[in-house]
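Structure record follows, encoded as structure tokens.
For reference, chains read A, B, C, D and E in written order, and residue numbers begin at 1 within each chain.
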Amino acid sequence: MEFLELLNFYIIPGLVLGSIYALGAVGITLVFAILRYAHLAHGDIATLGAFVAFAAVTLLGLPVYAALPVAMVVTAFAAVGIDKLFYDYLRERPRIVTVMASLGVALMVRSLVQVIWGVDAESYIRGIARPENWWGIRLKDREIVTILTMIGLVLALQLFLMKTKWGKAMRAMSDNPNLALLSGVDNGKVVFLTWLIVGGLCAASGFFLGLNTELKSMMGWQMLLPMFAAAILGGVGRIEGAVLGGLIVGVAEEVSVIFIPSEYKAAMAFVILLLMLLLRPTGLLRGKVL
Amino acid sequence: MLEVENLVMEYGGFRAVDRCTLTAEEGHITGLIGPNGAGKTTLFNLIAGAIEPTSGRIRYMGEDITHLSADKRFHKGLVRTFQIPHEFHRLTVLENLMMVPGHQAGESLFANWFAWGKVAGDERETERRAWETLEFLELTHVADERAGNLSGGQKKLLELGRTMMTDARLVLLDEPAAGVNRTLLRKLEEKIAILNKERGYTFILIEHDMEMIEKLCHPVICMAEGTVLIEGDFQTVRSDPRVLEAYLGETVGDAA
Amino acid sequence: DVKIGLLGGVSGPIAAMAPAMIDAAQLAVQQVNDQGGILKGEKLIPVVGDSACNPQNATDAATKAVNIEGVVAIVGPHCSGAVLAAANSVAVPAGVVIITPSGTSPEISKLDDKDLVFRTVPSDDFQGRALARTLLERGTNKVAVAYLNNDYGKGLAEAFKAEFEDKGGDIAGFAAHEEGKASYRSDLAELANGGADTLVIFDYGDGAGLTMLRQALENGFFENFVGGDGMKSDAPIAELGAENLTTFTASSPVGAKSDALDVFNEAFKEVGGDPDAIFVTTSYDAAFLAALAIEKAGGDKAKVAEALRSVSDGKGEVILPGEWKKAKELIAAGTDIDYKGAAGDHDFDELGDVPGVYALFKVQDGAFVVDTEMK
Amino acid sequence: MEWIGLLNYAVFMAIFICIYGLLALGLNIQWGFTGLFNAGIAGFFAVGAYASAILTTPEAAGRIGGFDLPVPVGWAGAMVLAAAIAWPIGKICLRFRSDYLAIATIGVAEIIRLVVKSEDWLTNSARGVTNIPRPFGDLPYVQSQLAYLALVGGILLVVYLLVERQIAAPWGRMMRAIRDNELAARAMGKDVPFRRLEAFIFGAALMGLGGALFAHLNRAITPEAIDPMVATFLVWIMLILGGSGNNRGAILGVAVVWVIWSFSEILTDQFPPEIAIKAKYIRIFLIGLMLQLVLRFRPEGILPEPQRGVSGKKDL
Amino acid sequence: MSPLLDMREVRGGYGDADILQGVSLNVAPGEIVAIVGPNGAGKSTAMKAIFGLLHVRGGKITIDGKDITGLKPNLIVQAGVCYVPQVDNIFREMTVHENLEMGAFLRSGDQTRAYDRVYGLFPDLKERRKTLAGNLSGGQRQMVAMGRALMLDPKVLLLDEPTAGLSPRYMEQIFQICRDVRDDGVALLLVEQHAKQALAFSDRGYVLASGANRHEGTGAELLADREVAEMFLGG
């Protein structure tokens, strides 16, 4: 196979897909690390974000890319609200209870989306967009935007966590919540911040998924498992790990078609994950053992 | 009884235990002291099989156990306590003790379903022994409390109690006194001495409480930076200038 | 009042397709009620149940419909697995007729069903073969096939492949895919490697099929695209734009008397439905046939199956979609009637299956129009 | 007439509750008592269902089979095969800690699902296996339902008693100890990997049995039955709502979830028919909401895990 | 002098049962007060009560005359109280240095001097500042926990068995630090099982047993009391 073909039809789509996974996986890993549970409503909140952006485009008439920040903000606050309503009072309980609550939230959010926007496939921009040719490399502007935005958001997040006081407080909270309290950290504020960030990232992943394909009410739920695989692959609690995990899963899924029957493509994320867990049970970048 | 030869444990380039060689004689209570971070607990972890050494050998009653799993070592009579209590927090205190004895009939699924009588008989005996232990540790009033709800010192007592539930041969005690009330501690010392004399348990005891070390231990080994600094009777070790400097500090050294 | 069950995969994987199908069935019910009701002027009441496309929910919904609601016949469920479960464990033992508008699996034919299980959608076999022959006739003899990995996609694809190769065609790529993925570009690239310029997609036009079609168009993977009835959906036109679909055709079952289809299309548009949505014609027909059979059987559950065969056996006065009043009068008069549906004539064979009559549709002026009749 | 219909429906629900009760008990052994986060229930369910289906069905073209064995053999086979599959999976995956184990088992279940869906020779792929014999299937509807209920109810009862006994015994205590603190359990001489594997396999066998009972109930099994939502997550909801670590709670949880399931439909059926479809979405919303409400007011589950081993209960 | 920290007749517990059955104690500025008593007496529980980690069902706790009963812990820290719990008192997944940074969470401005002071007290920590605290030895963790508390420069410092597991040399050093801190005007309340040593340098002491006050007095008085010595101090 020609190198350019490999790049154009396997690697680049893989990276774009991987960026979308990465945005979701970063959120998952944050919830995992700070709040300590598997958040199963992640995919459906991403769907919500995508449809909020859709509403911004169709109702407010915003340009597509301008809808992204709107969706991120709205979804961020929606996530905070969901936390207040459904997770907050379970904080002292075993984590598994919150996992189940998040499953309930997934159902609720999905049915809300279905009631409000229906179940038909939608898209931000009707019609098709053909890629530009850059010295043989075929790229669409929306793909470039997807990858760059992902990198930008993740870098900003990483800076925030490592350099700012509140970032450190979030890590402390994820480590020993009681002691964080005793150090003067306001846990309510940390949880609030976490959901703000997670909600925003969720919306971004949903938005880019919708931008690169179509919007469907089940789209987020169907992305949930690969996103989780990516988060674990990278090592729980590791932002850069989640990005790496997302990209690997994305590229692996696309490239796998060359080697295995394509009906097994969906298993690729898990095959990699299982292999990796066998060799490095803590994830690619050493994550925390929960 | 126990021989440790050139044992090394490395954590990412840092040697917590560094070519450590020592022996513990059958029937003795060997004291193990040393500054914080000297590698005492790590050494215990190695001996008990919680972690595998980077290199070196451990022999127990003439047998090389370097790569044996922790549970197998337990069944050979090698029992340890944890410095930071590792109680089963959702089990009651009584259950914490009752789960200790090895090879209980009721631990096999088939015995449970088909040999009910034997299981029950076993249980009665275990329970009797557990109550005895509780009485001794003055913990009867919390027998039905979840172990996770115990106070810090009570947890340490429970740790110790577990070693009393089996017929151990070599018991590794990691700072049994830390956080334990002194009045009770004096009684524990007696009990350890009794176990040692009457039942023939061999002990290795990590402690920072010099009174206890002095009372019980012979010989005393002082570790520093992962390796043995000096070994001898308490007086010799205590007056060694290196021990004074690294471990006891001038004032305490004089007072002890 | 007389109740019929409308079971569909409202939630779950085909959530996007189910509403239109149920709406179409509701249209039939509404026409019955508007034109004098059923039996002695009673109302036909639809009981909508969510079979969620899995046997667990399907049996629950079917049991409820049969036992609690006391339905006389069931239209649905939509997915083959749900049909098998609902039929086996509820409808057949309880003696209730079940007509699925979209369960295309050949396993349904094999059911030991005491002649209670019918379908208004042809088994995949027919369509796959017909499509293969038509493409060969049109001179397309090298294609790549992408199909959704479920009973629908697989059934069609395998029938197509067998016939196409049998008749001398060349399958240059043949691959299944899972639904709900964000990218099928590598799948497409692999398929394109075979050198075919026509891609046959057996998938749903508002599901993965849409994504696939989009990505193939955007990246210029194939020149011509052919779909099964699942692809004859409004979604590709709405999302991709008719101007980009000039090389896209899709097969779909039609009545021999294709007036029937036009009649239905008109009526469905009037109530705000989209007649190009997937399986709406079969859904409508299933519900209308159920109503006819109940009327014919005089409301007796045990006779519905027999009546169903007699109102569609190709003999008697022709009834087109929506002609409830006429049908009711004829039945009252004891005249034989024969329903010719929007999706075909529905002359059930002994297994309860219908042979299909198909046409190939193309996109013109933002809608599907018949391009070629298929034999 | 009306009440007979309701009764029929109740019988049907009871059958379902018994089958899912087996799944919940299996999960309870794994999670409730041992702390193994198995999120791949669907996989074992599938293995059991298909194993029994293949063993008991007559010859069918295109796939292995034609063994036509008696039903009990099929059920035993389902348990054995599910256990046999669980063995290597457990061997590999049980080394991982909770959440990692969850995702690893989800992965395995997805792979099993894809195999079941794609391999013609083994499972007739997406079309599924049909003509599975159903015990008492030839009786009239009502009798046959009742007979099947008696059968699955009996099985559930036996399993329940076995599990209860084993949990109350030192075995259960040991497992709870392992769940609490693996390191200490090892230091106390418990062969942790072996014990966890034991619990994993035992739970998996029950899940396999549940799958088999389900396949025979419907006389057919298709890949749609092993969707993670209905075959994994639903069981989790049941267990957690009912009370993990409590066998009666587990079974009660199954019942409660099915009741919520049905009740929500009855509620949404009150909406006018014009929005019958929207009503179904609202139903899913209500199910989610009711789940939240139960969690809100009974976060330990409806029947919380009892504090076992309290010494008052000496007559063990 | 009015007490800085005052706890009056406090009752409360973790669940429904009252562990504390009326505990009163107070600490004045610049004073070291020791709490001793058997295991399970409620010493740690009393400290947690001050920090709002308990259901307090009766009594009152004030700081500087301000009522802090039932306040959230992070607000109590803001009031200038710092607490080193007996167990679980470090951030395991953060480095030693980050643990100290968390100690200074509420302080703004340059902390170089505070770090220098802590590292000066515990040179071992300086060596291992990049190590994850969870990988430290038992004694080293105790140092991190102390260091974290000292970073805040509190008005009142609550220490729950600060010397448990420390080598004799460090024990002495910790006691010395306590005295130094006291000399800076900080009030100290500490729970100790090294009761003799602790009482010897404390200004006052309380003996708790079964969740209630049993004895109180100056350190010297308690040491001299025969009953106290026999029952609680190990003879």
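The rule is short, and it goes like this: contacts are C-beta pairs under 8 Å (C-beta built on N, C-alpha and C of every residue); 3 or more make two chains touch, one makes a residue touch a chain.
Quick caveat, the model's predicted, so the values are computed rather than measured.
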At minimum, the number of touching-chain hops separating chain B from chain C is 2
Output for shared partners of chain A and chain B reads D, E
Cα centre of chain B to Cα centre of chain D, whole Å, reads 43
Per the C-alpha means, the centres of chain C and chain D lie apart by a whole-Å value of 34
Whole-angstrom distance, CA centroid of chain A to CA centroid of chain C, is 36
Residues in chain E with touches to at least two other chains are numbered none
Multi-chain contacts in chain D, i.e. residues touching at least two other chains, fall at 114, 117-118, 281, 283-284
The positions of chain C in contact with two or more other chains are 11, 13, 18-19, 149, 176, 178
Every chain pair meeting the touch definition is listed as A-C, A-D, A-E, B-D, B-E, C-D
Given the complex, residues on chain C that touch chain A span 11, 13, 15-16, 18-19, 149, 175-183, 185-190, 206-207, 210-211, 214-215, 217-220, 235, 238-241, 243-244
Per the touch rule, the chain C residues reaching chain D in their complex are 6, 10-13, 18-19, 22-23, 26, 45-50, 52-57, 59-61, 63-64, 66-70, 79-82, 84-85, 88-90, 93-95, 105-107, 110-112, 149-151, 153-155, 176, 178
Residue positions on chain E within touch of chain A in the complex are 51, 53, 72-74, 77-78, 82-83, 85, 88-94, 98, 101-103, 105-106, 148, 152
Within their complex, chain A touches chain E through residues 165, 168-169, 171-172, 174-176, 178-187, 237, 288
Seen from chain D, its contact residues with chain A in the complex are 31, 92-93, 95-100, 102-104, 106-108, 110-111, 114, 117-118, 228, 233, 236-237, 240-241, 244, 278, 281-285, 287-289, 291-292, 295-296, 299-300
